[in-house]
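We just call them A, B, C, D and E in the order they show up, numbering each chain from 1.
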């Protein structure tokens, strides 16, 4: 009878959102406090659940049949626990950061309301006990994040919002179609991946359904060519870009792909369907093209967005290998990339708030004005490239191993190429900031508001720590991966 | 009294309708209470009937004039019929509530009494159609509802409404002409008018008259398709539904087109069901024809809705598309498909009434009719805007709102019939729906002056809309409540 | 447009001719004249007291239809009133 | 229309037409005819009156108020008669089974409720025809 | 040939179908509103004829029972009774349609749709 904790993880953010919506719009102090408190409580709750999940217990709520065909259930298994923990912890930082970043923006009440609603939807996705519940919260996430994307209210933001909602709806439609067909074939929505057996008569239908699910979730995971919404959604406030487009939204797409492949269909069934060529191809193209596009961007946030696309490709690649090492690498990268990318975005946001500069070409000598931020940015870039003691290295190492297990010798080649490209678009920023002459002067006092600076430093430190001492993450991810392959449940 | 309830539900409404002109001449303020009284009785009666059917598990039959069939007319209320009764009276009562606040201002007080009369007669006729177990009885009720529906359109009294009403009347009469011809052929083949007896007899004689049977079936399909606006025969609908006063649009789009689809479903599966076998491929073809035309309806209606600038025309074309869903369910013929058709009849009735009524509030109070003027309405009319948005999202099929469940069951029905292509259709049509509903919602919530409200919204115009939106949410969360009933009804339909 | 309509009608009518050829022969006993008809003619007088069988049927056996039929007339009046009186406010 | 001969002839003719209409109504259960046919004759006699003597004279005889009341009550009459069966414990619209005396078949006052209903229907149909005609004429002549 | 003979012997049904078709053609192709209404009536006459014809028995008498006689062949009264209802319905529809046409005439001064469209396009 511990499952109510799981429901609370969804209910608490919703309650927080409702209370914030009811507060008077001028009451900033209480709103900020409430928002941070809500996320902290949620994170603590998730932490509690996750600890028990990794101790071998499982949270599963009773199934709520809204109709005999449509069961809803919450269940936290290890994959979900990993995602829930990553998202909820980073949410705390993002909320703290938001209170600083949003201090001078308009419509703060609406922003925080939907920020917390997105948290609820993400927790729902992580804790979904079957595919239908996952789909339900996935749709809710689309709805909850749309007001955040168009927050600025400008014509450009409206256009980005339209693009976002269009792509999301196409994706949701694909997911729905695939879900209907595969549930009709399987007869349930359960995460019974390890038990599925291939029925030869249904191969064609199931392949179509799987690809629909893959590309449907792939829209949010920004698989090429379904990515264009992500760079244009960069008009959103930076914490939104950081959180949604590095952690919550894109990672829920990734999470959906992992769920479909390993929990819903099962790795054995998917390899029997012979569809992972599509997955590998899409992931490879995404990795390469994302990096190539990133090279050409001058707007810092857009460059980070394309970098995100490329890095998400790694994670999908991990899934597409359909072996345990690859999945370990993918999941490891899910965590690492979340930490690194949120640091990068936070730094970009701090630059925008403090100097108002959005373009890389204007950032010459920026390190004089913001030394700590830029140091964090540089370290995180190193991690992105995959230089040695950082956490980015380990995940790529596992991915290469996974590729070699499948005799796919192009995987190491791809990853190395991509690493070079990563270096090519990240290092110029750092070099320009530290070594070029610019009109930035050292200033007295803090370089950024503390509510923005500290999250950056803490997150950067955390990712460095995980790079130097990767054993706990690795252990956790290994357990998750073995669970996905039907090992320990 | 309880024994006579099946017919009393209809007759009470009829008598209230008959007396309404006198009451209107005597004291106009007493019209609304009288109508409310009659509707209240209708709602209560339907609920009692549904309860009786569910608890006893047996259909409630009532022999008018004491003549048992085949001598006289009988009325039969089974699961499906009781479902329709509750739906009709429930949604009808909510629309009437709205009308009591709206009609006096929208049409002028001179015609209020006549409007209520037509409304009550329409409701009574639809109830009669739902429970009729006699073909000719069905036809006569159909005519009452046809004439009254046109009257509700013409009540607006401007040029567009009058033209639309005439167009509607002519096409509806052609439709009922087809139905009557079909009834004539069935009577000629079987010598009966009672549905049960016709079905029994037809199963025996159709192989002697295969062509006539087939022609009769297709006449029924054509007739009812005209009346419920299946795609190529929908041309009357957008004009009629958009030019009518808002409560009329709600009742026409929400209830009237549905009852004909229901009647067709009943006839196809109760009378002609014996023909849907491999030995008579022509009758099987009817189902495929329905599938093809409903696909066209879903795509065509949505595409036409995309280009509309007038909100009521947009909603009207959306009705064309949504009727496609109902016909798709009928055509699929699998248990989940039929259940989805009936579930969608319920869900769409609630969603579309909510949309039309809230659009009516926008038009009436804020004076905006064009979609582009909708910006900022949420500031002046938060409740109505919220209701409109919920209903619109439900139309798109966002979970967990009402529209999702019916779309899901329709797809499930497609899988059960072995036609996965219709799953794709569902997905595409959801996307099309989103394409024209989401900008509408977005516009309501975007910044703008939103035609600052000229006057306060009366409570009787605000509450019904909110109530309907709440129903969308409740039905989305608990679709198993109607589905329990619907599945039992479908079992009866598919019992060969 | 008109040509298409006429063409369609001709095609439909010519298929209907097939149905006409298949119908029970006109004027002979066919399924229409079954025990229902028989009962109305034989026992109608004692059951209702009227000699005109059509009157028996419309006002007794199928009186409900006739009630609705008068309702149709009433609805027509209401509709005409509603049409002609509306729109002049 | 100010034709003297026409008016004279029609004013003498109308009572006969009306008597014929009433005859058709009253003998509906015995001979061809009935409420609808007789009502039509009755209504057309009044239409004839309006045609010959003009709308204003016609409205003096039967005003809008009267016709509305006759309309409503005429239709309600049918339903009310139907309720007799319910009140006597039988079904709606029951005739003989509710214990209503049907008399000797073939006589004028026989067949129970059939006659009662027929008379009501006749009055209603007559007034309907007149009202429809008057309404359309009124609308057309307003201009 | 057999079919042809059967069709000819069922001539009332054929006529009723032709009437039905003529009515529908009139409604769909004629633009004059009055002609459309007349078309509706022709169509319904076709249906009524079909019903009545199906009730006929050769050599039968009108179904007015003559007391004391036995063995008289009466025509089937049910279609006649139904069609009595049908006729009233058609009268009602016609009346309503006429009301609408009168109203339209008052708006536009014409009942030709082409002219109505022209009046609309020129604005009054």
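Some points to look at:
Criterion: a contact is a pair of C-beta atoms (placed from the backbone, for glycine too) under 8 Å apart; a residue touches a chain by one contact, two chains touch by 3 or more.
None of these values were measured; they are calculated from a predicted model.
Among the remaining chains, those touching chain D as well as chain E are B, C.
Grouping the chains by touch while chain B is set aside gives A | C, D, E.
Between C-E and B-D, more C-beta contact pairs are found at C-E. On a Cα centroid basis, the chain most remote from chain A in this structure is D.
In whole angstrom, the spacing between the mean C-alpha positions of chain B and chain E is 28. Look at where the CA atoms of chain A average out and do the same for chain E: the two points lie 70 Å apart. Distance from the chain C centre to the chain D centre is 22 Å, each centre being the mean of its Cα atoms. Averaged C-alpha coordinates put the centre of chain B at 25 Å from the centre of chain C. Within chain C, the positions touching two or more other chains are listed as 16, 18, 22-23, 30, 32-33, 36-37, 40, 45, 51-52, 54, 56, 58, 60, 62-67, 69-76, 79-81, 83-84, 87. Multi-chain contact residues of chain D, defined as those touching 2 or more other chains: 30-32, 34, 71-72, 75, 79, 82, 92-93, 95, 105-106, 132, 135-136, 139. Taken residue by residue, chain A touches two or more other chains at no position, since every residue touches fewer.
By the definition of touch given earlier, these chain pairs are in contact: A-B, B-C, B-D, B-E, C-D, C-E, D-E. Within the complex formed with chain C, the chain E residues making contact are 3-4, 6-7, 9-14, 17-18, 21, 24-25, 28-29, 53-58, 63-67, 74, 76-82, 84-85, 88-89, 91-93, 95-96, 99-100, 102-103. Residues 336, 393, 398-400, 405, 408-409, 411-412, 415-416, 420, 423-424, 426-428, 430-431, 434, 438-439, 442, 446-447, 477-480, 483 of chain B are the ones touching chain A in the complex. Interface of chain C with chain E (complex): residues 1-2, 5-6, 9, 12-13, 16-18, 20-23, 25-30, 32-33, 36-37, 40-41, 44-45, 51-54, 56-58, 62, 65-66, 69-70, 72-73, 75-76, 79-80, 83-84, 87. Of all residues in chain C, only 15-16, 18-19, 22-24, 30-34, 36-37, 39-40, 60-65, 67-69, 71-72, 74-76, 78-79, 81-83, 85-89 touch chain B in the complex they form. Here chain B touches chain C in the complex through residues 7, 14, 17-18, 21, 64-65, 67, 70-73, 107-111, 114-115, 117-118, 121, 124-125, 128, 136-137, 140-141, 143-144, 147-148, 150-151, 154-158, 161-162, 165, 185, 187-192, 201, 205, 209-212, 214-215, going by the rule given at the top.
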